[in-house]
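Note that chain A is present in both complexes that follow, paired respectively with chain B and with chain C.
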Partner chain A sequence: MGALAIKNVTKSFGDTHILKGIDIHIEAGEFLILVGPSGCGKSTLMNIIAGLEAPTTGEVHIGERIVNNVAPKDRDIAMVFQSYALYPTMNVRKNIAFGMETRGVPKKEQDEIIARVSKMLQIDHLLDRKPGQLSGGQRQRVAMGRALARDPKLFLFDEPLSNLDAKLRVEMRTEIKQLHHRLKTTIVYVTHDQIEAMTLGDKIAVMKDGIIQQFGSPEEIYERPSNLFVAGFIGSPSMNFVECHLAEQGGEYGVSLQSEGDARFVALPNGARLADRIGQKVILGVRPEQIEVAEEGEPGLACKVHLTEPTGPDTMIFTQVNGKEVVARVHPRAARHPGETMRLKLDMGKVVLFDPQTELRLV
Partner chain B sequence: MDNQNKLWRVALYAVLVYAAVYYLLPLYIMATTSVKSMDEIRAGNLIALPMSITFDAWGKAWATACTGVECGGLSRYFWNSVQMVIPAVLISTTLGAINGYVLSKWRFRGSELTFALILFGVFIPFQVVLLPMAQTLGWFGMARSVAGLVFVHVVFGIASTTLFFRNYYVGIPDELIKAARLDGAGFWRIFFKVVLPMSTPIVMVVLIWQFTQIWNDFLFGVVFSSGDSQPITVGLNNLANTSTSVKEYNVDMAAAIIAALPTIIVYVLAGKYFVRGLTAGAVKG
Partner chain C sequence: MTSYNGPAQYGFAERWLPRLVLAPSFLLTLVFVYGFILWNGYLSFTTSRLLPNYEWAGLAQYTTLFANERWWVAVKNLFIFGSLFIGGAMAVGIFLAVLLDQKVRQEGALRTLYLYPMALSFIVTGTAWKWMLNPGLGLEKLVQDWGFTNFTFDWLVNPDMSIYTVVIAGIWQSSGFVMALFLAGLRGIDDSIIKAAQIDGASLPRIYWKIVLPALRPVFFSTLMILAHIAIKSFDLVMALTGGGPGFSSDVPATFMYSTAFTRGQMGVGAASAMMMLMTVAAIVVPYLYSELRGSRNG
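== the complex of A and B ==
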C-alpha cells in the first residue's frame, strides 16, 4: 500500500518557482530522505506534505486519501522540527500531552502513552523538567516523543540533527534508524547532510532548484548517479571529475588519461555502446575508493603525490589527472609521501561517464 | 597615573551626585512640604526638614480641599481615574496582544501594510484628533463619561500595545506555531496555551506603559470629561488653580503626590520586568 504519493506538485510565489513538478511515491514502512543544498525546496516540500503550505498545483496523497484540502492536524502525521519547537513554558510531560489533550484523548490513555513513549526514548526521568533545563540531545528525544505519542501514519523529520554536535548527531542518527526498524513507520526526513541521507534512507530524493535530480535507493544513487550534481553531492570526499576524450584503440573503446609524466589508454568495459561518441569530450566520474594502487606487474598510471590526508583507516592521496585534482582513497600502508610517485589504476567497471553539455550520465 | 585616575573618579561621582540631588530635590520638597503645617511653611526654609510632622494636608487634599466650587478633595477624581485606567489598560493590552499575535504569526495578504498603518497611530499628535473624537464620542453617546475616556484611551493605546507585542512575538520561532498546529491546536488555543504563557515580560512592559500613559493623561481628561467623570490629573489641576485666601502649599503638594503615587507603586512592583521585557529579544537566547 502506498503511504505517500506526491503527484506533479509545484509551488510558486509570483515569478519565483520553488518547486517545479515533484513526483514521489513511497510504500508504507519506507524511510524517505529529501536531501539537497539549502534553497533546493526540500523544506517547502516538507511543509506541503505537512499541510503547513499549500501546493500551487499537484496532489498529495497520504495513505489512500488526497490531503490537499485536509488541515495539518487531520492528516495523521507528526513532525519533528530542526529547532525541536518544544513549548518552553510546559514541562516535558505537558509537551508530549499537548496534542493528545487537543484531540481529547482520555487522561488515562494519555498517561499510558506518555509512560510508554518516555520509556522507549529514555526520557522518563525528565518528565517534570522544562525544555530549558534539558540538553540538546534530550530536547531532541522529547521532540521525537511528542511525535511518537501521536502514533501517526507518517513521520516528518525536518533536519532534526543539524543543531546537535558531531558526536551526538551520529548517536541520534543510529537511534532514529533503530527506532524505524522497531516501529516500521513511514518516515520522510529532510536533511542537507549526504551522510545522513545515505545511512538512514531506504529511498533518497536528491533535490536541486526545485527539481528532483534523482530518486532511488542509496546504492543506486551512489553507484549510478543520474547527473553531475548528484554524483558530486553524494559521497565524501566527492567524486572526482576528469575531462577526457573517447577514443578507440586496438578495437577497444576507452579514454586516455594523463598524469604528470605518464599517460595511458584505459579501456571501458561495454565501451562499444559509446561508439557514436568517439572523439567527443566526456567527463569521467570516479570515486576516491575506485582508484586503487596497481600491483607489481599490473598496468598503472604513475602519479605524483601532491598531498596526503590520513584519516585513520584510509589515507587520501591528492594528485593530478588530465590537469584536474584527483583524490584517491588508499590503504595507509600503500600511501607514499608528497613528492613521490605512486602507480594507480581505476576500477573501470565502476566509473561513470557524463555528457559535459547536458551533465547527464552516459554509462 | 593613579592619582589622575582617582581625580577622575571623584569628579565623576561629584557630577553623578549633583545630578541625583538635582532630580530628587523636587520630590524631597514635595514630601517634606506636604507634612508641614502652613505656619511652618510661612515661617521656615523651603528645604528644611519639618519640625513636626502632620498629615492634615493629606487628609484635606484627599477629602475636603476645594476643586472649583466643590470641596470634596481628590478622592472622587482618584476613583474616576481608577475606574478609567483599569478597563482601559486591560482592554488595550488584550487587543494589542491579539493584534501582535496575528501580525507576526498569522500573516495575511496586506498584514505588513496593516501593521504600518497601525504604527502610524503611535505618531499622531493627540491635539489633531480632539475635535473628531469629541464628535465620535457624541455619536456613541459616551461624551463626558468615564466610558468615553476608556474608549479614547483604548483606541489610542492599541497602536503602541500592538507595536510592543508584535515586535516581541516576531522573536518567537514560527516552528512553535507550526508544531502546535500539527498538534491540532487552533488560533485561540495556540494563543492561550503556547504564546501567552511566554509573554510575561512583554505583558508587564505593556501594562506599566499603558498604566502610566493613561493615568498621567491630562489632555483627553480635560477635553472629554466634565463634572463627575474627570480623572485625577484634571482634579489636581482644579485643586491647584482654585484660589482661596491663602495658597495652601502643603495641600497642593500632598495632592500632587497622591496623583503620582499609583504610577510609582506600579513601577516599583513590576519595574524589574520592565527592563527585562524591553531588552528581551534584543539578545537572542
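== the complex of A and C ==
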C-alpha cells in the first residue's frame, strides 16, 4: 500500500520556481530521506506535504486520499521542526497536550498518552518545565514527544538534529532509527547531512535546485550515483573525480592514468559498451575506499604521498592523479609518510564514469 | 590596586571627555527635573497662593485639595480616561498588528499610515478632533446634511460625555504606536511555532490567543507602562480638545494642576496636586523599572 505519493509537484513564489516537478512514491513503513544542500527546496516540499503551503501544480496523496484540499490537521500527520517550535509559554506537558486538547481527546486518555510518550523519550522528569529551561537535546525530545502523542500515519521531520552538537546528533540519530523500527510508521525526514541520509533512509531522494537528482535506496545512490552532483554530495570524504580519455589497448577498453612519475593503462570491465566513445573525454569517479594498496607483484600506479590524515581506523592519503587531487582511504599500517611513494590500484569493478558535458553517469 | 582587569587605561582626555560632554545635560536635568521636583514638593507644604512663599503650612494645602470637588472630578476622569484609553489603544493596536501580521502586501504603506498620528502632537490631534466632533461643524452636521436630521452627536459639549471624546482622540492617536510595538513582537515569533500549532489543529484565533499573545507578555507590559504614563500626564490633548470643559467636566489632574496653580492663584494646592500625580506615576514606574533592571542584570 502506498503511504505517500507526490505527483509532479511544482512550487513557485512569483517568478521564482522553487520546486520543478517532484515525483516521489513510498510504501507504508518506509523511511524516506530528502537530502540536498541548503536552499534547494526541501522545507518547501515538506510544507507542501504537511499542507502548510499549497503546491502550484501537482498532487499529494497520503494513504489512499488526495490531500491537496485537506487542512494540515486533517492529514493525519505530525511534524518535528528544526527549531523545535515548542510553545514558549507552555510547559512540556501542555506542549504535548495542546494538539490532543484541540482534537478533543478525553483528559484521561491524554494523561495516559503523555505518560507513555514521555517515558519512551525519557522526558518524564521534565513535564513541568518550560521550554526555556531545557537544553537543546531535551527540547528536541519534547518536540518528538509532541509528534509521537498523535500516532499519525505520517511523520515529518525537518532537519530535527541540525541544532544539536555532534555527539548528541549521533545519539539521537540512533534513537530515531530505533523508534522507527519499533513504531513502523512512515517517516519523511529532511536533512542536509549525507551521513544522516545514508544511516537512516530506506529510500533517499537527493535534491538540488528544486529537482530530484536521484531517488533510490542508499546502496543504489552510493554505488550508482546518477550524476556528478549526487556522486559528490553523498559519501565522506567525497568521491574523487579524475578526468581521462577512453582508449583501447590490446583489445581492451580502459583509461590511462598518470601520477607524478608513473603512468599506466587500466582496463574497464565491460568496457566494450563504451566502444563508440573511444578517444572522448570522461570523468572517472572513484571513492576513497575503492583505492587500495597494490600487493607485491600486483600492477599498481606509483603515487607520491602529499599529505596524510589519520582518522583512527583508516588513514587518508592525499596524492595526485591526472593532475587532480585524489584521496585514498587505506589501512593505517599500509600508509606511507608524505614525500614517499605508494603503489595504488583502483577497484575498477566499482568505479563509475560520467559524461563531462551532461554530467550523467555512463555505466 | 594593580590587579585592575577592566578595559585598558586610556589617556586623560579619553577618560574625561565623555564625562565632560555629558556634564551640561546632566546638570540641566539635575536642576530642572529633580531640583524643581524638590522645590515643588516644598511649595506644597507652604501657604503659597499667587506667588511662591516659604511660610510653612503643614498639610493644609492637601486638605484643601481633598476637599475640592473639582479635584475629585479630575481624578475620576483620569480613571475613566486612563482605563478606556489604555484598554482601547491596546485592543485596537493589537488587532491591527495581528491583521498586519497576516502578511498583508502593503504592510509598509499601512504601517506608516497608522504611525502618522503618533508623529502629530496631541495639540494637533486635539484641535483636529475638536473640529470633527463640533456639533455645528463636523460629524453631526455631516450626517444631518446627508438627510439623517435626527442624528445627534454632541459629546463634546455634553458635560456627561465630554471625557469620552478625549478617549476617542487618545485612542486614535496612540493605537498605531501600540500596533508598531506588537508588530515588532509578532515578527520575532518563530514561524514554525505557528505551523506546529496549525498541524495541531488550532484555529487562527486560538493560535494567537493561546500561543502568540502569551509569548508577547513583555511587549504587553512595556506598552502598558508607556500608555499609563501618557494617560497620567495627558494635558495637551485635553487642553486642545475640550479645555477641560464644558465647565470642568473633562478636567484631568494635569489640567487641574495647571489652572489651579497658574490661573486661579492657588499655587500651594496646585503643587499638592502635582505631588499626587508624581506619586501615582512613581507607584507604577518604580516597580516596573526595578523588575526590568533586575531582569537585565540576571541575563
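Following the convention adopted for this analysis, the second predicted complex is superposed on the first by the 363 of 363 C-alpha atoms of A that agree within 3 Å, B and C clash if a C-alpha of one lies under 4 Å from a C-alpha of the other, contacts with A are read in each partner's own complex, and residues count from 1 in each chain.
We take it that a contact is a pair of C-beta atoms (placed from the backbone, for glycine too) under 8 Å apart; a residue touches a chain by one contact, two chains touch by 3 or more.
In this text, all values refer to a predicted model and were calculated from it rather than measured experimentally.
J.: In the superposition on chain A, see if there is space for chain B and chain C together, and answer fit or clash.
T.: Because the two structures are overlaid on the shared chain, the partners are seen to clash.
J.: Considering only the touch criterion stated at the top, classify A:200 as touching first (chain B), second (chain C), both, or neither.
T.: Neither chain B nor chain C is touched by A:200.
J.: Between chain B and chain C, whom does A:268 touch in the aligned arrangement: first, second, both, or neither?
T.: Neither partner.
J.: For A:134, is the partner it touches chain B (first), chain C (second), both, or none of the two (neither)?
T.: In the superposed model, A:134 contacts neither chain B nor chain C.
J.: Starting from the residues of chain A touching chain B, keep only those that also touch chain C in the other complex, and list them.
T.: Of chain A, residues 47, 50, 52, 72-73, 77-79, 81-83, 85-90, 98-99, 102-103, 146 contact chain B in one complex and chain C in the other.
J.: Please give the residue numbers of chain B that touch chain A in the complex, ascending.
T.: Those residues of chain B that touch chain A are 173, 175-176, 178-185, 189, 193-194, 197-198.
J.: Quick one: which bits of chain C touch chain A in the complex? Just the residue numbers, please.
T.: Touching chain A: residues 190, 192-193, 195-202, 206, 210-211, 214-215, 217 of chain C.
J.: Once bound in the complex, which stretches of chain A touch chain B?
T.: 47, 50, 52, 72-73, 77-79, 81-83, 85-90, 98-99, 102-103, 146
J.: Using the touch rule from the top, collect the residues of chain A that touch chain C in their complex.
T.: 47, 50, 52, 72-73, 77-79, 81-83, 85-90, 98-99, 102-103, 146
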